[in-house]
Amino acid sequence: MSGLPYLSHEAGFTDRGITKAGKLLGNWKEGDASGIGLIGVPLSKPSISHSGASFAPQTIRKMMNSFTTYSIQDDMDIQPITDFGDITMHVTDLSDSIRRIEETAAGILNRHTDILPIFLGGDHSVTAPLFKSFKEARGKAGIIQFDAHHDLRNLEDGGPSNGTPFRQLIEKGVLEGKHLHQIGIRNFSNGKAYTDYGKQHGVHIYTMQDVYETGILTILETAVHELLKETDQIYVSLDMDVMDQAFAPGCPAIGPGGMDARMLIEAMRFLGETPQVKALDIVEIDPAVDFRDMTSRLAAHAILTFLSGYQTRK
Amino acid sequence: MSGLPYLSHEAGFTDRGITKAGKLLGNWKEGDASGIGLIGVPLSKPSISHSGASFAPQTIRKMMNSFTTYSIQDDMDIQPITDFGDITMHVTDLSDSIRRIEETAAGILNRHTDILPIFLGGDHSVTAPLFKSFKEARGKAGIIQFDAHHDLRNLEDGGPSNGTPFRQLIEKGVLEGKHLHQIGIRNFSNGKAYTDYGKQHGVHIYTMQDVYETGILTILETAVHELLKETDQIYVSLDMDVMDQAFAPGCPAIGPGGMDARMLIEAMRFLGETPQVKALDIVEIDPAVDFRDMTSRLAAHAILTFLSGYQTRK
Amino acid sequence: MSGLPYLSHEAGFTDRGITKAGKLLGNWKEGDASGIGLIGVPLSKPSISHSGASFAPQTIRKMMNSFTTYSIQDDMDIQPITDFGDITMHVTDLSDSIRRIEETAAGILNRHTDILPIFLGGDHSVTAPLFKSFKEARGKAGIIQFDAHHDLRNLEDGGPSNGTPFRQLIEKGVLEGKHLHQIGIRNFSNGKAYTDYGKQHGVHIYTMQDVYETGILTILETAVHELLKETDQIYVSLDMDVMDQAFAPGCPAIGPGGMDARMLIEAMRFLGETPQVKALDIVEIDPAVDFRDMTSRLAAHAILTFLSGYQTRK
Amino acid sequence: MSGLPYLSHEAGFTDRGITKAGKLLGNWKEGDASGIGLIGVPLSKPSISHSGASFAPQTIRKMMNSFTTYSIQDDMDIQPITDFGDITMHVTDLSDSIRRIEETAAGILNRHTDILPIFLGGDHSVTAPLFKSFKEARGKAGIIQFDAHHDLRNLEDGGPSNGTPFRQLIEKGVLEGKHLHQIGIRNFSNGKAYTDYGKQHGVHIYTMQDVYETGILTILETAVHELLKETDQIYVSLDMDVMDQAFAPGCPAIGPGGMDARMLIEAMRFLGETPQVKALDIVEIDPAVDFRDMTSRLAAHAILTFLSGYQTRK
Amino acid sequence: MSGLPYLSHEAGFTDRGITKAGKLLGNWKEGDASGIGLIGVPLSKPSISHSGASFAPQTIRKMMNSFTTYSIQDDMDIQPITDFGDITMHVTDLSDSIRRIEETAAGILNRHTDILPIFLGGDHSVTAPLFKSFKEARGKAGIIQFDAHHDLRNLEDGGPSNGTPFRQLIEKGVLEGKHLHQIGIRNFSNGKAYTDYGKQHGVHIYTMQDVYETGILTILETAVHELLKETDQIYVSLDMDVMDQAFAPGCPAIGPGGMDARMLIEAMRFLGETPQVKALDIVEIDPAVDFRDMTSRLAAHAILTFLSGYQTRK
Amino acid sequence: MSGLPYLSHEAGFTDRGITKAGKLLGNWKEGDASGIGLIGVPLSKPSISHSGASFAPQTIRKMMNSFTTYSIQDDMDIQPITDFGDITMHVTDLSDSIRRIEETAAGILNRHTDILPIFLGGDHSVTAPLFKSFKEARGKAGIIQFDAHHDLRNLEDGGPSNGTPFRQLIEKGVLEGKHLHQIGIRNFSNGKAYTDYGKQHGVHIYTMQDVYETGILTILETAVHELLKETDQIYVSLDMDVMDQAFAPGCPAIGPGGMDARMLIEAMRFLGETPQVKALDIVEIDPAVDFRDMTSRLAAHAILTFLSGYQTRK
């Protein structure tokens, strides 16, 4: 602004040699888009327990500004991505919110066939409409799910909640059980009925003990290999509660004995590099109970790591 | 327990000269009931903003144990009351939750015609089904509402939320506007469209400025007097955000310039004493954001003060 | 957005009957401006004690969205105001930051001669350059300062800090002591040397005891009357630590025995109505140590109250 | 330090015109002492509920540094006082700790007959040994107790706890009931058995309702007048939970409907001025649960206000 | 409840396929008992530093509801256990509390000779009376202690505290030093005098460096092997501060460089499987200073892991 | 104190067999000094983001009292060290504060040629003046820097801040780039311009990925070996944000994917043992945002570990 050079609507110091990762997000304004697309899905009212996961899209975006665009590991800057904004939810009609998610995701995926979407939940209930739209728009697909929980609960007791998305997909025939790989499933965090349900439907289940013993990369290589035998692309669903509570203290369902930060970073890098990974969601972060936004920081770092892998794809 | 005298499933020290107010709550087990009945209504998913008000019934009950049964002002002990427990809500179907509230309140009020119910919300959305059942079971009734907000929002934009209960009641013909007295309405906390709506429907509106200038007891005397000209009984709805944020820091919508603790205590005493007050709800306390359960402590104290007045009724 | 109606870069529910006060802020984009102008002055490194007051401009703006535009007391909506953004500060050169404040304020006040500026600090060090520019641009002016402290400390020990702004103005001849009215000065919060300095320079000092005994409005009427005998306009400087710690827990220098919310609201209304009040700053709020942004909420409410008074000016 | 002028074992900025009130505390080192003496009594294990009141002496001392020595109301600086340090408690033998308190208080009071002691608890259990030693050393004395609670519980159920000090004193014949004035006793915070006990023993009980209606100063004038009919001096015991929870959020037993900061300041001033007030204790502050040490700040301010009154004594 | 199906005194959603682990706890009501018995020992007043460990039994029980009964690793549900409740402590007589613990533990262990007790402290002082009763009731026994500290302090300076339980046992001849294996002892967390005492008495000391280098399972195998050469059964005492502060932030004496969650889980599984492990206590969790009950969650998970191992015993 | 044996100005329990590490700090009082010297450098106003790192010297000293002097690993007590106190900073003139640091460090290092200084920041801006004085006083030296960030930012945009110390040293010719080894540099935490600058100047950069893959001790051995080829001594600069946020939650710039506590402890031991390590600073801890002083506890433990290694030097 001529004459008033210090006035700015974006507060704060700017250093010419640093680009904050928040600057990667360019608001979508109709028209074409390709590459990575960020879509906020701030829905957490379907959660079984109290959840402020609807705050996560804004918090994760904000935490992008705690990082830079530069991957020293690759000597490379991350490229800009398209921020489609958030899907506005209905205040009281949760099924309408689900419909809005499905419709909006479909709209984006059908219009922008090159976009690799990164969906920021929200609770895990959003994965059901998101994957449904993804598959309808993009074709045969499987899922790699990071989670302490199966999320295969019955639909009678509480309706379509954050405990049911994969059950919904299987029951509606959108997803075959065998095209679902669950990683990090934890002891004393699930019901036998649902593990049995998973097994009966051919779901591939890797417990945290498996992760400890086999290693996260070996498991991911197996999962990708298995999925690509029968599907063309992979949707990754990252429920942040797969992490040990020390590393992700801001999930609604925290607990001990999960993954550490290094494991997650290695996993996200691998999946970013894998050409058939075509969608990612990150869910179950409740900024209202976190400590210093640690969990959203981890999510932002995970996204950037994924993007660094993505840029190495041919 | 013979031989193991120190084992107990209720931890803690007991003093023979003190009865904790939590002991007043006797679990209802079918059968007759009269006097005061406590019913938890742990619903807060209809809230426009993030709300953990569903935690309040349990927290208020727990805070009862921070008080005793003894009113030194009256040299009198509060008498036991019937605790009906909480209404179990649906996880994802909010309209079913509203139905459960309406049906359960009706069931209690019809069976136990002498019960004066104290409903512990939950957010303010619960008042619509509660008052509807109350009026159907008990007959002609008006409302005294303590609130910073009108809660007369339109029903199209977000459905029946914590911003709409009195609008719902008026639109459904359950409540005439003139039978609604709103006390503590605050500047910069409402929209002109809804103040206009209230005025058009004859709602009696007392702002905080009115409370400061006229005094809470004078206003209440007027309101009771006016209501009893046309109705037989009064339902009191206490939205805790009528308080200044210094005194009730745990409401979702806190702000400055509200009532202080003394005003509330005087009001609750007066209403307790007033024979035509036949129901009370306390809503909009979110224990998840409170400081040391201050707001739930205030609610528990308000209930006990109401009960002390109630016991002076003939 | 055609076809994707639920996507938005501004998250959250919109109600047609409510306008959030945050919507009042329209970003200034060069060109003319009149009425009220908001300018963020995020400087707190000059503070004697640790202070995150530089976060306050953004937090107060955000808290504007916890209020609506509607004054029920006046049956009137607050009119839009111009948000000039924040002044970017130097990271390490504090005197350059002071220079930027002075230069930017001068630029705005000289260009936009009708603008009544509301400056959001920052700590109290910002008042020295702000008032200097204000007086140079607008002419003869006095100050009404709400504060627990004189802020008349010597300049040798620590340089121009948040403890010195009014001393600086007096020593530089920008302000005559008798044109400074300090309200709310508190026991055990000042040094005798500085009270003496104030008295020697004719500063009008009203202690909290005076406020309790005389009443805030009577004091303000006196102060305005006295100031207008010799000056043409009044700059109001509101150091939020004039409040009792229960009402403004987020100031760096909290303590007991200050003003309550009602007093502040009445004061801001009166000053808003007073035609000769031509500038306002609000300083010494540290959002990093506040509880639920209570102090910024109070500041936002104070601004709206001031604006409601302002709109009644002829 | 010659040559290294900036090194200091006391961190922080020093302003020549300000003396922090913490500087008033001079460590006692054997030898004579007169005037005000500060003695820390960090005992809270006798508390019925979990209490970190043993942290309060150090926290209150630290909060003295948030204030200055200057009373603007009197245009006077507070004079230095003798800090006797803290009484070291036994880790596991609570009766030995009580013995240490009694013995140490006796030692100080007998040696230094001019010392007016200010005891910093600890929980209220410390008042029993303190008053006992005080009376034995100094002669006939009565007590003004600020408290939401009687502290007249029976001694069988839990032994000599923070609920029993005044009962202990009465039962041991150290204190006649009629020489005890309890101010601020609150509804739903006591048991009828103990109010009855108080009445039977002639204890003067002023409830918060009395304080609201009669005014704190009128009550204090009455209490002092009554006490001085039969005793020669007054011991003041300030249980900080006499305050409303908004003003003293860091007491173990917080609740609504108590005193505000202005009332306490006025009371402490009056008692400071009253020549027959010869001892003061401040108890029941738990810094571990406070917000920003608000309650310890209030205690420090109360002490300074008391001292300002004390300096006006002839 | 007929006609009022939604009323419940246990709030919350129930899913037919999930059993919360809290449901495993069945209140003991006189009569026979076998298998696992839970006994709360809410004593923390003997602690050297401020401790709210007396809150832990209730918090750990509550956190059981954050887990399910299902061990996916074993495809097995955990079986119900007997909850004996908590031992009521004396308010002020700590030695009487110790007596109550000893007497109650003896009562349970003598009556119910098949019960494997899990004691929930409380601070570490409870282990002295617990082990004494255990040994007297059940015969020759050794101890595996997880701890950053020896807890072999002298008994003169502070009496029987949380720093002395194993010294007490050795000095009273209840435990031979060589029958004590201490695992996880940390640098800069002990005094040489006490390490020397341990060595002189033949205590087996494994430092955290040993745990890092040798591995927790190898150490445990050695310890069990050694103990069973001379004793018949093993009492495990888990002081949660053996964990690194990142994994157990809610212990009174947190610090860096301890065990991680995986190590603890593996240890608890191994000890659960070991048939000669006949008692377990978990101590030194202070819920009042924890973050989101992380440390109690870890304790609950540890218990469930232990139970899963226990169910594999023949 | 004869006759008053329980009075003490140092509160708290003393155990004859334990020496708290805080007791190691003996205040320097002019005169000779050798061995380890502690110097507080409480400056954080130069920080780019809000930082309370100026509180760290006092907090780290206080946390020393959470540890003992005894290294069980070495069966050895740590020897006393000289505490020179803190350097008093200017309130508003940051360059004068830098001058004071440089001058004071020079004074100490020149007078006490045997002192190995441990500097407690403060933010990382303090390393520039500290190393300059160190090199001038002691001769040829290189740096091992633990950090997530290069701190090689340009000096034009914000002046000499906590992002620039090593750039300043290189540009002023105080340090050759090749004599700087940076360990733990993290992805998405730096700008390519500054990595390039580092490479161009021969800075040795080890990323966290290198630390994961190569091991911290191997890297340190290499770094020491390289440095000692060309310099005589090593200055270690520990920016605590090199740690994963789970282990050091109190740094201004926390993030995932850093070092864990064990790595740091091993590193500090190695460096303590290395005879050519002649200075250490610890920076970037902000106690105002930490959880239970975890990060200061880690710093205190790191210092003690360093000292334990130091005592093994010949």
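Note that the chains take the letters A, B, C, D, E and F in the order they are written out, and that residue 1 is the start of every chain.
Operating definition for what follows: a residue touches a chain if its C-beta (ideal position, glycine included) is under 8 Å from a C-beta of that chain, and two chains touch if they have at least 3 such contacts.
Keep in mind it's a predicted model, so treat the numbers as computed, not measured.
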Moving step by step through touching chains, the smallest count that connects subunit A to subunit D is 2
Comparing D-E with E-F, the busier interface by C-beta pairs is E-F
So, in whole Å, the Cα centroid of subunit C is separated from that of subunit E by 56
In whole angstrom, the CA-centroid distance of subunit A from subunit E equals 38
Multi-chain contacts in subunit C, i.e. residues touching at least two other chains, fall at 13, 48, 91, 157-158, 246, 289, 291
Inter-chain touches occur between A-B, A-C, A-E, A-F, B-C, B-D, B-E, C-D, C-F, D-E, D-F, E-F
In their shared complex, subunit F is touched by residues of subunit A numbered 13-19, 21, 66-73, 75, 77-78, 246-247, 260-262, 264-265, 291-292, 294, 297-298, 301, 304-305, 308
Subunit E partner, complex, touching residues on subunit D are 45-46, 48, 50, 52, 54-55, 90-95, 125, 157-161, 288-289
The residues of subunit E that touch subunit F in their complex are 48, 153-154, 156-158, 163, 185-195, 197, 205, 207, 209, 212, 244-246, 249, 253-258, 289, 291
The answer for subunit F against subunit D in the complex is residues 1-4, 6-13, 27-28, 30, 39-40, 42, 57-58, 83-89, 91, 100, 103-104, 107-108, 111
